[in-house]
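Starting off with a structure, shown below.
We call the chains A, B, C and D, going by the order they appear; numbering starts again at 1 in every chain.
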Amino acid sequence: MPIRLGENNYGKQRVRILLVARHADRHDIKELTLGIRLEGDFESAHTKGDNRKVLPTDTMKNTVYALAKQHAIESPEQFCLRLAEHFLSRNPQVSRVRVEAAQTLWSRLSVEGKPHPHTFTSSTSENHTVALAATREEKTLRAGIDGLVVLKTTDSAFENFPKDEFTTLKEDRDRILATAIRAAWLYRDNPADCDSTWDGVRQTLLESFAGHDSQSLQHTLYAMGGAVLKEFAGIREIHLSLPNKHYNLVDLSPFHFDNAKEIFLPTDEPHGLIEATLRND
Amino acid sequence: MPIRLGENNYGKQRVRILLVARHADRHDIKELTLGIRLEGDFESAHTKGDNRKVLPTDTMKNTVYALAKQHAIESPEQFCLRLAEHFLSRNPQVSRVRVEAAQTLWSRLSVEGKPHPHTFTSSTSENHTVALAATREEKTLRAGIDGLVVLKTTDSAFENFPKDEFTTLKEDRDRILATAIRAAWLYRDNPADCDSTWDGVRQTLLESFAGHDSQSLQHTLYAMGGAVLKEFAGIREIHLSLPNKHYNLVDLSPFHFDNAKEIFLPTDEPHGLIEATLRND
Amino acid sequence: MPIRLGENNYGKQRVRILLVARHADRHDIKELTLGIRLEGDFESAHTKGDNRKVLPTDTMKNTVYALAKQHAIESPEQFCLRLAEHFLSRNPQVSRVRVEAAQTLWSRLSVEGKPHPHTFTSSTSENHTVALAATREEKTLRAGIDGLVVLKTTDSAFENFPKDEFTTLKEDRDRILATAIRAAWLYRDNPADCDSTWDGVRQTLLESFAGHDSQSLQHTLYAMGGAVLKEFAGIREIHLSLPNKHYNLVDLSPFHFDNAKEIFLPTDEPHGLIEATLRND
Amino acid sequence: MPIRLGENNYGKQRVRILLVARHADRHDIKELTLGIRLEGDFESAHTKGDNRKVLPTDTMKNTVYALAKQHAIESPEQFCLRLAEHFLSRNPQVSRVRVEAAQTLWSRLSVEGKPHPHTFTSSTSENHTVALAATREEKTLRAGIDGLVVLKTTDSAFENFPKDEFTTLKEDRDRILATAIRAAWLYRDNPADCDSTWDGVRQTLLESFAGHDSQSLQHTLYAMGGAVLKEFAGIREIHLSLPNKHYNLVDLSPFHFDNAKEIFLPTDEPHGLIEATLRND
C-alpha cells in the first residue's frame, strides 16, 4: 500500500491537579496543568484498529494523580521527569515521551504583614512552564516562563532601517517598548534547585530588559538571553519569543495639541514577533 | 404605527489609552480600557435615519485622548467623571451617560531592591474597574475589582443543606474554597483618594476571606462585604459576584491510596455562582 | 446591625449536557449549556451560615440530567420552563428562578447529498439562547440569538452627524456595515413551536439587515427589530445589541494607489455598540 | 564570546485584511489574517543593534495591503506565494520566508432562495489555513482546515487496550466520537484550483469520519488521512491533529434511572489528542 504512516503521537492534554501539603504550621500548594504525549510502535492501531499497545489516555490522567500521591511534587521539572520515566519503564512499545507542564503561580497571602498559613492569591497571566522530551537514552529538559508582561517608557529606539516604496514607519529615537516574555531554557543536567533557578532567570530577564539601551527588540532579546546564559552556567541554551506589543503615539494635531510622548494607543493586532535561540557553547 | 422604540443607548467600547507622565526622576504610567454609552433623544435616528443628534462614536474615542491630554488622568474614577461631564455639557440631546473603565494594573519593577524609573510589569488577570452613570441631576459612581483569584485550603465547610432525590453531594466539614472576586462598591460622594481606598478595599476583601470560618460561600461573601462596609464609611453599598471554583477531591481508591485532602482536580465548569449586594443604611 | 443584605441570588453556571435520541432510522442530538439562579429566603445562610434552605448547586446540576432523562428536551425553551417549575414547586424558600440556556447548533452532515443518520457538524460561534425568569405568579420567557456575524459591502451610509472640535470622522455615503447580532425576544405566551419561530426570526433579521438602505446602525437596528415584530405576532418585544464592527478603508496614498473601496482593515477594538428594545404594544 | 546566536526569525503577526471585488452584478469578499516571518542574515541586529538589514515589520504589513491592491487575492495560497516572492526578491539578507494565513469563511446570504449581491454571514470557528515556507530554491506549501467540529453518536469503539494498576477506563463497544479537525496537507506543486481542492478535502474528511467503523481515534485518523491521499493525487502528505473531545456518559444510577446512552456530559478538559502525518510515496 503506498500510504505510509509518518510521525505520530498521542496523549492527554489539560490534565489539571492541585496538591496540598498539610504541614503543622502551614499548608503549601502546587497547581499544574499537564500534557503528555507518547511516541512509539503504534502503527497497528492506526492501520488495523488494534489497540493492544495503546495505553489509554485516561490511564495517563490517572497516573498523574497516582504518582503525585506516591511521591508528591517537589517541582514541576521533577514531576515531569517522574512521569516520563514511569511511561518509558512500563511500556516497551513507547520510544519517546513528551511531558509539558504549566504551573499556576500562587502567592501566599500576607495578613497584617505576616504570611497566612492557608490562603493564597493568583494572577493567571504568568506561568512557570516545563517541556520535557525523554527517550530511554536521553532527556531534554526545558523550563520556561510564559506571559510575563513588561513595558519600558524610554531607552528604546528603532532607527537606520531599510526603506522601500512601502515604508511609512518613521525613525524613532525614543519609543515605548513592551512585550510578553515567553522564554524556555535548556538545562545541561537536572538542576539541583529548579525553583530558585527559575526565580533567578525571571529576575535576570526583567533586569536586562530594564537596563538595556535598546536599538530594537532583536537587540534587547539578545541582551536578555545573553544575560541569562552568562549568569547561569547550568543553562546550555535559551529560546525567547517576544511579541512587540505596539503602543502607538496618538495623533493629537487635529485637536491642536502636542503629544510629547504622553498619550499612546495600546494595540493587540497587528504585532511584531521576534524569536531567537542563544547558545552557550 | 404600533411599534415603539423603548430603552436605547449607543457608544464606543474598548477604547484603550496609555498615559505616560514624564517626571524628572521617574515616569508614571496609567493604562485604561473605556466604554462610553449615551442615552437621550435619539428616536429620529432610529425611525428616520436622521443623524443630526448622533454624536459619532468615533468622536467619543477622540474625546478620550483629547481630555486625557488636557487634564491628565488622576484616577480612573475622576477621568470617568470628567468624560461624563463633557458629554452632558456639550450635548443637550443626551440625558444620561454611562462610562466604564478597567485599569490595567502595572507595577514598577524593582532592580536590586530599588524602584526602576521607567520599567513596569503587569499581570493582566486583575483589573481596577469603574462604572459611572451620570445625568445632569445625579451621579452614581462605583469602583470595583475584577479577577482577583483567591483560594484557602481549610476553614471552609458546607453542611446541613437540604437533600432531595437528586442529591449526591456529601456533607463536607473541611473543603477547599476558591473564587475569583468581582466586587463593585458605590461611593456616597466622590472619594478624596480613590486609589488608596481601592487598595484598602482589596486588602479587606482578601483578609476577610482568609480569616473567615466559612459555612458556605454565601456566608463568606457576607463577611467580606460586611467587613468593607464597616471599615469604609464612604461606601454605601457593595456588590459581590463570587464564582465557586470547585476543587474536587480525586478518588484514589481504585489505586488503593487514601486521599487525605492532598490531591484535587481544579475545574472550570460547572461552577457555582453567588451574588449579593450589601448596604450600609 | 446597620448592614443589610440586599438583592442576592446563587446557582450553578456552565452546566453542560448532550442528549441523544436514538430512533430506528437516525439519531438526533441536542447540546445545551445551562445557568440556573435561585432567589428567595436565603438571609440566614449569609448572616448565620445556616444552610438548611440552601439547595446545593450540585443538586441543581444533577437535576438537569435527571429531568432531561425523565422528559427529554423538546426545545431549550421548554426545558428551561421545566427546570424553573421543578425548583419552584419543590423549594418553598425560593421565590424566583432564572434559567439561561445556550444551545450549540449542530447540523446533520450530508453524505452524497443524503442526511447522515448519526454524524453532525458544528460551528460554535452562533448560539440559540433562552433566558427565563419565573416566579410562582408569572413567567418571562425570552429566546435569542448570539454571535450571528453579518456584513454588507454597500447600502450603508453615515452622514449629517454633529461635529465638534474633536471630530475627525468623515461623512460616508457608502461604507461597509458589519455586526455580530445579539437578539433576545419576549414571547407573549409559550410559543407552540419555538424552533421554527427561532429559524424565522433569524431569517427575518438577516433579510432586513441585507435589504435595508442604512443611514446608521441605529437605523438598521430599528428596521431589523421592526421587521421581527411585524412578522411574529407572538413576540411582544425584541432587544438588539449590535456591535459596529469597523472595517476601515486602508490609506494607500503613500504607495500612490487609489483605494476604490477595495482594501479594508478589519478591527476588533475600539468598536461601536448600539442597543435598543422595540415593543409591539 | 562564547554566546552564539542560533535559529532566529522575526516578522509581523495578525495582519488583517478584507478585500472587496465590486462586480457589476455582485460583490465578492475575502478576509484573511496573515503572519509573516523572515529568516536570514540578522546577526548584527542582535549583537550590535545595527538595523540596516532589518526590514521593519510595519513595512511587511504595508506590503500586504499594497500587493493585495496591485494583484488582488485569487486564493490565500496564491497570495502567500506572492508575498514570499516579494520579500525574497527585494531583500538579499533574507534566506527564508514563512507566511501563514487564516481565511475567515464568509458565505453569501440567501434571500428568498436567491444569492444576495452584497450581504454575507460568517461563523468564525472554522478557517481555511495556509502555511508556506519559501527559500530562493524551494517552496513548501501547505493548505489546511482549523476548527471543523464533528461528532458521531455511534460506530465508534475503544476496546482491547492494555490495563495496568492505574486503569479505570471501561471497554466501550459503542461510544460517542467527537473532534475538532485540524488538518494541513502538502501540495506536490502549486494546485491549479486551491479553493475547489480545499472544498473537496473538507468533504472527504467529513465523509470518511462519518463512514468509518472506528476502533479508536487513531484508527479513524488514519482512515481520514488515507481517504484524502487516495482521492487527491496532488497531495503528497497530510497531517491531522485531532483532539478527542470526550462526551462522558452521566451516571444516573443514584437517581434510579438507566442511561441507555442518552445523557452525556460534554467536557473540554482533559482531552485526548491524536496526531499523525500520512504520506503518499
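Please note the rule applied: contacts are C-beta pairs under 8 Å (C-beta built on N, C-alpha and C of every residue); 3 or more make two chains touch, one makes a residue touch a chain.
Everything quoted here is computed from the prediction, not taken from an experiment.
Visitor: Work out the mean Cα position per chain and let me know which chain is farthest from chain B.
Guide: That would be chain D.
Visitor: Hey, how far is the Cα centre of chain A from the one of chain D, in Å?
Guide: 24
Visitor: Using mean C-alpha positions as chain centres, tell me how far chain A is from chain C in Å, no decimals.
Guide: 37
Visitor: Once you find the CA centre of chain A and the CA centre of chain B, what distance in Å lies between them?
Guide: Roughly 29 Å, centre to centre.
Visitor: Among all residues of chain D, which ones touch two or more of the remaining chains?
Guide: In chain D, 16, 62, 66, 165-166, 168, 254-255, 268-269 touch at least two other chains.
Visitor: Would you identify the shape of the chain contact graph, picking one of line, ring, star, complete or other?
Guide: complete
Visitor: Show me the residue ranges of chain C that touch chain B in the complex, using the header's touch definition.
Guide: Residue positions touching the partner: 2-16, 35, 37, 42, 45-59, 61-63, 66, 90-91, 158-162, 164-169, 214-219, 221-222, 225-226, 229-230, 237, 243-244, 268-281.
Visitor: How about chain C: which of its residues touch chain A in the complex?
Guide: By the definition above, chain C touches chain A via 165-166, 168, 254-255, 268-269.
Visitor: For the complex, give me every residue of chain B touching chain A.
Guide: Within the complex, chain B contacts chain A at residues 16-22, 27, 29, 31, 62, 65-66, 68-70, 106, 109, 111-112, 116, 118-126, 147-155, 176, 206-207, 209-211, 247, 250, 252, 254-255, 257, 259-267.
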